[in-house]
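The following blocks contain the structures, represented as structure tokens.
In what comes next, chain A is part of two complexes: it sits with chain B in the first one and with chain C in the second one.
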Partner chain A sequence: MRNYDPFVLPFMLGFLFLVVLIIYKFAQWLIRLNMREKVLFRHGMLSRKFLHAGNEVFMESLIHRKMFKANPLLGYMHMSLAFGWFLLIVLGNVESRLHTGAHLNMPYFPIFLKFFVTEKETIPFYGGFTNLMDFLLLMVLSGVFLALIKRMTSRIFGMRRTTNLKVGDKIALITLWLIFPLRLFAESLTAAQHHNGGFMTENVGQFLAAFLPTDQLSYPAWWLYSISLGAFFVAVPFSRYMHIPAEILLIYLRHFGIHSTKVYSSFSELEVYSCSRCGVCIDKCQLHTADIHFNTPTYFFRAIRERSLSGDLTDACLLCDRCTAACPVEINTTAIRIAKRATFSTSFKSDFSYLPANHTRRKADVAYFAGCMTHLTPAIRKAMIAILEHAKVKYHFIDEQGICCGRPLMMTGRLEEAQQLVRKNEALIKGSGARILLLSCPICLKAFREDYHLDIRIMHHSEYICELMDRQILQIPAGTQLFSFHDPCELGRGSGIFDQPRKILSEAGKLVKSKFEKENSFCCGGSLGHTSLSQAQRNIITQEVVNELTKNNPDSLVTACPLCKKTFTRWSEVPVKDIAEIVAEVISLGSTQSDREQNTNSLGIKVHEKQKRK
Partner chain B sequence: MKKDKWGYGIHPDRQIDLDNANLSLLELVRQSEPSYNLCIACGSCAATCTAGNLTTISLRRINIYLQRGMIKELREEIRRCMLCGKCYLACPRGVNTRHVIIAIHEALKATGYEEL
Partner chain C sequence: MRQVVIIGGGVAGLEAAGFLGKMGHQVVLLEKEKAVGGHVGKWDRLFPNRRQGSEVMDFIRKKMDEKVSIITEAGIKSIDTSPDGYAVVLTNGEAIRADAILLATGFELFDARKKEEYGYGIYDNVITSADLERIFREEGKITTADGQAPQKVAFVHCVGSRDEKAGNVYCSKVCCVTGVKQAIEVKEMMPAAKVYSFYMDIRMFDRHFEELYIEAQQQGITFIRGRLSEVYEDQGKVQCKVEDTLTGKPMKVTVDLLVLLVGFMPSPETKRLAGMLKINIGSDGFVLPIDGHISQNETGVPGIFLAGAVTGPKCIATTLSDARSAALQIDQYLKTK
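Right, the complex of A and B next:
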């Protein structure tokens, strides 16, 4: 029995190169974690979290559970390749150990077992093993076949667009696709000579023997198989396949409690490498409607890896999180986008010294912070105040002359400038002594929850109204109106509030279903996340969304964000209302007129109020 | 003539000579945000401004400073903006005001006028 042949060298060299490189990369990522993250890592390694993470690695990196959820065929394609190959390696190892009786064999030995072991008798249960191995190979080959079809026509995988590949990816892809057909070829040719194959390789071998000189071809075939493996391993670090090892480390670190922030860190870098360029995010992006392409995380992350990131590419995003919600690797694309914007944006050298130093310290249970956008849509503010008074809540309107929450600045990467506003607002809210901070704008909500240090409950008005209903403080009479609800990005995907608005609306009337709701809801097109998008481009996006959401002829298009409302109002034939307005209307209080009927700029507020007084 | 003697003085010269005005910033802003050219100086942006509630800032005036090359005044005023975006939603002409503000900051940096 032989156990070495020079043809294993390409495989071995590639394999060693890859192992060394992965160790180097992992060490680099781990060393660059900050102190807090390092402590989390050390604790995590010794806790149960380690086991949970292992379980998730199995489910995601091998079975690709989330990919299955996105599309079963796509899931099967990834699973058959990853899990099939993994099982081939495991079984091959078992088999080779049974054969040699040793605990450790050279890494190439199980891979090329059929070349080295041609006498069946030397391995127990040989028939079972070899048929199982053939089955697994068939499974992997079916995955390769599907991948080929996906490259040619991605539609059957539920994808309108698939990732555009560059050279490194192409080399890796071709070598990966070649590995398994070459394995089949080499094993079949050997089986034709030695009859050591399973149900597939044996028959393919017989078939090939009919017209090919199998004894001359089998040895070169093993060389080719080894070269394709080696070439693939060398290509991995320069291609998207680096996501395989990166994702494993990512899953462990996440389980240990490490998350991305608005500052680009070693962890962000790891997330970038974990992107498999699967392309699931591409179709999710509404910027295609505005004829902007190659901006999605797929390409954004690739540009980071290739160090060719531009300011324009970084800016080309609404920060709507549609892609994030769909990403099977759950990469926090928005945080990375903001972090990268910080490196491109010119400093504002902001001067906010004009902000008042002292705040009125009127005590109240609930501090109501309307926010800039709500001041621009006074009907929402009035409705909210009507509801608070109807429910006899002790509230304090803290931003009648208020300032911005800071999130619009943060979204452009200007974190320091935003901090000045954050500190001001923090002092204002703490001064009010309130237990609840009530907000009408989801953009503010997100900022207050993520970037402020406040020890009080921070609630959007949809949550608050829902709670008033639950505690029987607010009764909503059942109605017959038909509502279409639009989940604002920052409220739904951004803050995970999906059920409360639905609960309120189902009390007040009937809610129509949409394909584009909850995680899959649209961005209204008015997002502050994209600064250079033109009005014309925004209009195209908004019109598409309004058409989709009003196609069931609802009585009103309801949303829970002043910016969404403002954006829709220009284009919708159906009245657009905030959920607070609906509630205020049905409890027959407050203004029944929406902004739509008023003059919508802020000068209009006064006109409207005067009219009412007459 | 001395002011303390007579109780009045001559106003500083407020004439703006557009032939000598520094319009380099204006050109840069126009290039980077073409919708700037749509501005009709209506003042809706200034009327709705969040910062404008608390201090003197007016995007309409900033636009005028830019067109007259009054860089010092421009620089002082634009730093008070919070980038909240209210002005953008109020503008009847669809001027991408937030991007105009960013473009002005970028132009200040590119021309080396950002330092006081």
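Right, the complex of A and C next:
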């Protein structure tokens, strides 16, 4: 029995190269984690999280569950390639162990088993194995076939655009596609001589034998198969296929509690390498409407890997999170974008000395922080004050003079400067003694929830109004108006608040459905996230969104963000309103004030004795 | 006899109607509102010499003879081509033959509610320049919402003009001088009142305008270079946040009444009719003539002509000249047809 032939060398060299490189890369990523993350890693390795992560690796890296959910055809393509190949390797190993009886064989042995083992009798259940292996190979080949179609016409996959590949990726792609047809070819040619094939290889072998000299071709075919494998392995680290090992490590680290922050870290780097350049993010980007291309995470991450990242590319993003929500690998694309902006943003000497030095220490239960954008949309501020007065809330208007939350600075990567505002606001809010920080602007909401250290409930007014309704402090009379609701990026995808605004609007009237709602909602085009986008480009984006959202002829286009409102107002023929305005309008029509709880409840409502009697 | 249909009964349409009638053509003038006169008909006094707007209207009306018939409250359903010209079909079904059509659909004022940060429609003591003219004409006395005489009044220039975010990049031309005229009028009405004016640039492009600006400064009106950022109302007073860009300092100014100098917008009717007639519209929303220098009244579509603010912001004198020029072009066209 032979168990070595020189043709295995290309495979072996490529394989060894890849293994060494992956070990090196993994070590590098892990060593560069910060102290806190290292502790999390050590704890995670010895906990149940390790098993959970293993399960997810199986579900995502092999089965591609999320990809299936997003796009079944794309899911099958990835699954057939990854899971099919994986099973080929596993079964090949089982078969080769049964054959040799040894626990360990050379890595190439199971791969080229059909070359080395031509006598069926040496492997138990040979017929079953060989047919199963043929089936798996067929499955992988169907994935390769779909990949080929996707490259030619991505529309069949429901994708308008697919990733534009560079040379490294193309070489890797071609070698990957060649591996399986070459395996089929090599195995079939051998089967034609030795009749050791399954239902596919045996028949293909017979077919080929009819017009080809199979005995002369089979040996070169094994060489080619080995070369294609070796070449693919060498290409992996220089191509997008590095995502395969990187994603496995990423899933483990995530399960151990490590997440991306606004500072570019080793974990961010790992996320960048985990991008498979599948291109799902491309169609999600609204900047295409404004004729801006090659800016999406696929290209952004590639530029980071190639060390060719420019300030313009880093800036070309609305930070709307549409791509993040769609990413099958769940990479926090927005956080990496912000983190990278810090390296390009020019620092400026921020001077906030004009901010009031002494904070009024008026005690209140609710601290209302309207935010700069709400100051620019006074109808929202007026509505909120009316609602708070109506509900007899003991509140303190904390930014009547207007101080920025700091998020616009953070979005441009100016974290240091933003900290000055954060400290100022923290002092202001703590001084008020409030138990609830009430916000009208989702941009502020995200900043207060993620970048402040406040031991206090932080609520957007849609959540707060909803709670007032649940406690029957606020009663909304049923109406007949037709509303179209726009989910603001930072409220919906950004903070996960989808249901409360819908609940309020369904009480006050009828809500029309849209294809572009919740996770799939648009950015209004007014985003503070993109500082170099021209007004004309913004207008194109906004007009498209307004057209889509007013398609059903609603009575009002409702949103829950002052910036979205301001952006839409110019282009909408339908009145644009904030959800607070809708509520203020309907409650001014009259509501009962019964069933109030006594004393101050958790929403900061003080019930007066007089009123109770009434 | 040839018949011309003029769409729009503002000063441009009326002036062209008078001239075309005098030239011997039959004219049908269509006006969507109850009465002709357009914006000038609603204005009190005109810059730069503060004569009554009604004087100009009387002058224009006098030229009209029996050749001009006016249909008010006319809605246009469609404009169809016919072998000898056009047929303008009204919403009531009536079809009017036209050998030529003059588009004099003018402009509409920028809806100040779209600059929500200035609080128009939200705060009681924020009004527009058009509201102030109405007050001048109908009330003769300026009061705040609670009936008091304002002690401090501020004007805001460029509301909806030269403002990319409002969607209008262009200058509306007439608001600067209107603001200066109105500031002087307020000051004359209430000499003790303090009057402010927030501006980006003061564009005094025409004859006697600069003199008016100097007069305003001599009367003690305070001009502050800076764009108003936001407004809020506190106990009936209007708080204005603005940066004085000459000193580089942010400032707050509290006034009793805030007047927004609203700019020109192309009227939606213009857009609709331009679509029907397949004539070009510029990026600013106004109709494009075939040549901005030498053929301002022609559209490239035979028999369709333009006059007045349909091709962009214009003051009254320019509009009247433009209307006469259009009348002449139409006369030439009809003679060679």
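Of note:
Please note the rule applied: the second predicted complex is superposed on the first by the 588 of 614 C-alpha atoms of A that agree within 3 Å, B and C clash if a C-alpha of one lies under 4 Å from a C-alpha of the other, contacts with A are read in each partner's own complex, and residues count from 1 in each chain.
Note that contacts are C-beta pairs under 8 Å (C-beta built on N, C-alpha and C of every residue); 3 or more make two chains touch, one makes a residue touch a chain.
Just so we're clear, the structure is a prediction, and the values are computed from it rather than from any experiment.
Because the two structures share chain A, they can be overlaid on it, and in that overlay chain B clashes with chain C. In the superposed pair of complexes, A:Thr569 makes contact with chain C only, with no contact to chain B. Of the two partner chains, chain C is the only one touched by A:Lys382; chain B is not. When the shared chain is aligned, chain B comes close enough to touch A:Pro408, but chain C does not. Between chain B and chain C, the partner in contact with more residues of chain A is B. With both structures placed on the common chain, the touch criterion links A:Cys466 to neither chain B nor chain C. Shared-chain residue A:Gln535: touches chain B and chain C both.
In the superposed model, A:Phe352 lies in contact with chain B only, and not with chain C.
Contact with chain B, but none with chain C, is seen for A:Leu421 once the two complexes are overlaid on the shared chain.
Chain A residues in contact with chain B (one complex) as well as with chain C (other complex) are 354, 375-376, 402, 535-536, 566. Contact residues on chain C toward chain A in their complex (touch as defined above): 113-114, 116-117, 119, 122-123, 164-167, 229-233, 241, 250. By the touch criterion given at the top, residues 345-352, 354-356, 372-373, 375-376, 401-404, 406, 408-409, 412, 414, 421, 526, 528, 531-536, 563, 566, 601-603 of chain A touch chain B in their complex. On the side of chain A, the complex with chain C involves touching residues 354, 375-379, 381-382, 402, 535-536, 539, 565-566, 569-571. Chain B meets chain A in the complex at residues 33, 35, 44, 47-48, 50-51, 53-55, 76, 79-86, 89-90, 92, 94, 96, 98-99, 102, 105-106, 109, 114.
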